[in-house]
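Pasting the structures here.
One chain, chain A, links the two complexes that follow: it is found with chain B in the first and with chain C in the second.
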Partner chain A sequence: MSLPKITRLPSVRLLSSIHQQLLLPSIPPLTGPKRAVSQGEYRRPGQPKVDKFPWQPINFGFSKGFEGVKKHFALLKKEFSDRWVGPQGKPILEHMLEQNQVLWEFRGPESLEQWTVSSDQEIGGQSEVHLKLGKNHNTCLLYGTLSSTPPRDGETRYSGYCTMRSKQPLASFDRKKHYDWSSFNTLHLRVRGDGRPWMINIATETYFSHQKDDIYNYFLYTRGGPYWQDVKIPFSKFFLTHRGRIQDDQHPLWLDKVNTIGFTLGDKADGPFQLEIDFVGVCKDYAHTEEFAYEVYKRNPEI
Partner chain B sequence: MNPYILATLLFGLGLGTTITFASSHWLLAWMGLEMNTLAIIPLMAQHHHPRAVEATTKYFLTQATAAAMLLFASTTNAWLTGQWDIQQMTHPLPITLITLALALKIGLAPVHSWLPEVLQGLDLTTGLILSTWQKLAPFALLLQIQPVNSSILIALGLLSTLVGGWGGLNQTQLRKILAYSSIAHLGWMILVLQFSPSLTLLTLLTYFVMTFSTFLVFKLNKSTSINMLATSWAKAPALTALAPLVLLSLGGLPPLTGFMPKWLILQELAKQDLAPTATLAAMSALLSLYFYLRLSYAMTLTMSPNNLTGTTPWRLQSSQLTLPLAISTLATLLLLPLTPAAVALLTL
Partner chain C sequence: MKCARCLLQLQCLRLVGQSARSAAQHGALLRSASSSQPDMLHNTQVLRRFHGSPACAKSRPVPAEFINEDDKKRDEKSLVAHDDLFEQVAKEVKTKATFNKVVDVFIKRDIRRRGHVEFIYAALKKMPEFGVERDLAVYNKLLDVFPKEVFVPRNFIQRMFNHYPRQQECGVQLLEQMENYGIMPNMETKVLLVQIFGEKGHPMRKYQRIMYWFPKFKHINPFPVPQQLPEDPVDLARFSLTRIANDLDAKVTVYQLPSTDITESGEQITLPHIVGIQSPSQMELLAQHSPSRPVFVEGPFPLWLRKTCVYYYVLRADPTPPDEKVEEPFDPERCLAFPLQLDLDLDRDFGDEESFDVEDLDEGPVFAMCMTSQGDQAVLNQWISGLQQNNPILGQVPTLFRLDPGPRELQGPADTESAHHHRTDRPQREERQPEEDEEPRRSQGAKW
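Here is the complex of A and B:
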């Protein structure tokens, strides 16, 4: 009874069945990958359970392909024709005289497509964050709840953060494009917060893989209240961090290849939060002549 | 930088080029090129900014690839012909490989993509060394091999002039503009390499003088983008008056020196029955001229009403050396009447 059935078969049939098993190994029906195969043995809390093959969610439809081809070739044609107008698509006079440039303003649902929100739910925490358009489609509202309960995965000690980050601009055929802010020196935002201290992150284009998480940060102290707050932060004040840790070897932020900008909240205070943003722009402040606010020194100077 | 280290590196740069000039064995020439690469690497990375390190890495990788291709081609030549002499290459395969390797070394299209990024990551002095001195050694080698496959050189040359013109149109950073101008000028030099190598040398030397002047103009103004250049009228009015002439000389307009190489090259191409090539090259020079004119316009022909985003005028060092700039500007602007002498020297 506890013995497997195969031992009761006569030896001839045993041999033939083994022969059959070797010739036709049993293939399990194609339902989907087991979690162990696709995610590894341990699924981090916060990661969704994967029961599909990686290619199954992709839409291989013809209309999607056709729309994609049209979009990318239109972008390519625009890139070619922009050069005749002037550098970076603007006439040279406009480029020289430009003092303010509004980069992100929230005037319609498509402006929300340029932003990505995330929170510590990705590592299994319990904060929530949502992004929606404000009243009259004039502003965007980032709201949610922070919860600093760490996820119970045995290795995370702190938690409770939410962030909103702009998506990297893409040229035709999904090539990366960068913002060139070298004619400007100040970041100008109009926000209405709730008194919480936010952090602004600017990520530039890097080359080495170990520089992937190099981000330049500065603080954004919001004053709660019904009045709008104009915040102007010179780019010379941004300091370099890597994965949130401030680096010793600081250098100024180079403005000619900026990829993304983001806002992060992680002030260890549980509860609801909201931040309303009217616009994010850059401007040229003539009175600001500082190149870098922090000391750039050699740690081992030769004497 | 420590003056001893700086002296060593500059000496190494000089030695590398000299070794390549003086060599008749391929391995010695390769060694000179490698010395040049290695000596300039610390100079490029001396400001420990990630962009400088990125530029250094990209430069090293491309130059090392080119040097490896060169070594491979010279080894193949030694295998096929039994000798290592530079001037006696006869087999077409190593010649083509060496041409491509040297094209990668100097930054001709279609292997030009590294040059704008690398120049953008450097400060203006190191960029000057990269644009001028580092081109001498590869050209010394290119001038000595006799290429049998004419179409590859014409293709490289035409593509470079077109890409150099087209790529510079979209730029606002001065170092990238100078990179694309370098690509275009190198294209002109390569076009005529097989017909008259001494004309290539003349173009190279003229390009050196013009680029030297341009880099020094930008260095004096401490400007790295068009907007910073637009306020140079307040810093150095005499320079602002001369700089558009320097830029137009780069664009190849008579009666400035830059016209001389272009004129002689077009004449040579017409003599060789390559009139369509000559026409295409001349038209692509118009693209380059457009962005030189744009720079002249931004600098001199408009009075920019706003201040700069860089250093304010009174913080500029007033003790910058202007003598090299004065001499090279004179040479950039006034040497066209020496064309008959140049032609006479060419036939030597």
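Here is the complex of A and C:
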């Protein structure tokens, strides 16, 4: 009775039943698109099931391909020609001796493309965040509303955060590129906040998959008011956290392969917020000789 | 310190207890030890019942005076969920005293403290309602609900295998709530944790982490805000204006105190407070401002102080166009301590560039700031008139009002073609045209 059913290939569900498998163990089951669980991503309860094959959302159009080819080959050509100028496209003297480097300046709409904003709406919360250019296209304004009511999914206890994170720099053909700040030791920002305490997150390139959510953090206290605030934070002050939890094993931030920098707001005050950033740069402060601000004690200390 | 001595004695007793193997010896030793100890902590129940294991503690009959305390606590004999205890008390005034009473009822109800984990979770959830979430004594009292000595691991296998995981998790959650509210635990917390969970449990590790990181981060805010903000709006305005002024020479002036008047017709008129601030350098800048160009009153801008948001208004002008900039030479006698201007021709090395390669943002000078509870044009006019006393130029300069709530940044030089303007700016611009004629007249006519 089961044999005629086997010949009908579209009835895939029957193939995966136990009887057929006992008779025909060699045919691999041609099952339908699996849920996101098999792709390794957590699907929040209540979100619709994504019922597509992994290759279906990709756009294989010709114009997109052509644009892509142009862009990536241009980047590749630039990379080759940059090697003749010096490391990272700058002359060697400049690379060795420079003391200040401006990383992000918000001078036009394309500068906003390098940043991603997100809030706790991804886990079901109600905070909103938007990013736009300030007046005269000189600054960027990150504004929105925080709401710390936790989403009602039975497992989240705290909520209410907004963040802005820079995108990972990409070389030709979408290869990951890293920032090399090894000749600098201080982060310099020019911001104008509204008195809220922010947190700066720096994510570096890691080797093990467990270290994926390793972020180095430090606080950014804004004064508020109409005057700009220059904030200088040495990299030795950044402490290591993993998924938001500060770790016991602290080590200084390694500056040779930095991926992204971000700003997070999570003070539990509900209401609107705004932060204006003029520029983000790194500089070398010769007066700062501290290597790391936090000691590392024994793993199992006595009381 | 009493608590430190208690801790040391606990450790000695535990060592002594481990060396003496028999239960009877244990009991006798501990009883003699406990009788020699004075009651160090106010939680005397611990030292009185120093039993070696839960099996030894036969159910001691609860003394009669605790059973019939109050009418509403009589139903402790029935099976109630622990939230209900708080619900009953919630009907009356919620204070620290009532919270402590509820915890006391639970403690005295059962010597074995059955259901203490759920009770502690419920209590932690109810703390903000009773207003005790920042009170360390209440947390210590709540930690005291745990039975002592029961959850302490006694050998390496118990230590390895997460002894009493639910209770440890509950202890960690209690400490985490303390951490969330920024409360530093004290020695009593440490002694309690050692008595309850032992020295190597998760709550103790969490306590150690709190004690390591909190002192490091306590004073890193360069603009600290006190926990208790002043309640008087004028004092709050004074504090926040000195904070945003960025200048220690700035002077705060109270132009109007808040008051409520009743006119003859019985109407109640509330006068809002107006507090302004201006520093000498701002006064100089205003004096140098040319009367042909307008000044703007912008606001309200938000300023957050912990959980409260206050709003301030700014008097500013657009930056002078480069052709109108006048370079005044520095008066060398203004400062005799050091020269204000040096023209030395130093050759700086390539590696000595100390400034960033960004164009300087010139948004125009800010002349004064003010804070008021009612931000409409009449009130701000009063402020400008008050400012005029010290800055007579305000009588000749046209003043424009750009009052607009919502995400604001200081408006740069007017840029009508820009597509990125804030949406509500356009109706503002229409309003401003008739205002432009009114304002010069108003600022000239207003006499304080």
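The working rule: the second predicted complex is superposed on the first by the 239 of 303 C-alpha atoms of A that agree within 3 Å, B and C clash if a C-alpha of one lies under 4 Å from a C-alpha of the other, contacts with A are read in each partner's own complex, and residues count from 1 in each chain.
Please note the rule applied: a contact is a pair of C-beta atoms (placed from the backbone, for glycine too) under 8 Å apart; a residue touches a chain by one contact, two chains touch by 3 or more.
The structure presented is a predicted model; accordingly, all values stated were derived computationally and were not measured.
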{"item": "Combined model on chain A: chain C and chain B, fit or clash", "value": "fit"}
{"item": "A:H95 touches, of chain B and chain C: first, second, both or neither?", "value": "first"}
{"item": "Chain B versus chain C as contact partner of A:N136, first or second or both or neither", "value": "second"}
{"item": "Chain A residues touched - chain C or chain B, whichever exceeds", "value": "C"}
{"item": "Which of chain B and chain C A:E105 touches, first, second, both or neither", "value": "second"}
{"item": "Contacts of A:D194 with chain B and chain C, given as first, second, both or neither", "value": "second"}
{"item": "Which superposed partner A:E113 touches (first chain B, second chain C, both, neither)", "value": "neither"}
{"item": "Contacts of A:G281 with chain B and chain C, given as first, second, both or neither", "value": "second"}
{"item": "First (chain B), second (chain C), both or neither touched by A:E155", "value": "neither"}
{"item": "Smallest separation of CA atoms, chain C relative to chain B, angstrom", "value": "5"}
{"item": "Common ground on chain A, meaning residues reached by chain C in one complex and by chain B in the other", "value": "93, 96-97, 99, 302"}
{"item": "Residue ranges of chain C in contact with chain A within the complex", "value": "7, 180, 190, 194, 199-200, 204, 208-209, 212-213, 216-217, 220-223, 225, 240, 243-246, 301-307, 309, 312, 314, 316, 349-358, 361, 366, 369, 407-413, 415, 418, 420"}
{"item": "Parts of chain B lying in touch with chain A, wherever the complex brings them together", "value": "2, 48-51, 53-54, 57-58, 120, 166, 169-173, 224-227, 230, 294, 297-298, 302, 304-307, 309, 311-312, 315"}
{"item": "Chain C-touching residues of chain A, taken from the complex the two chains share", "value": "93-94, 96-100, 102, 105, 132-139, 141, 143, 158, 188, 190, 192, 194-197, 219, 221-228, 246, 248, 268-269, 271-274, 276, 278-279, 281, 283, 293-294, 297, 300-303"}
{"item": "Parts of chain A lying in touch with chain B, wherever the complex brings them together", "value": "82-84, 87-88, 92-93, 95-97, 99, 180, 182-185, 206-208, 211, 214, 249, 251, 254, 256, 284, 286, 289, 291, 302"}
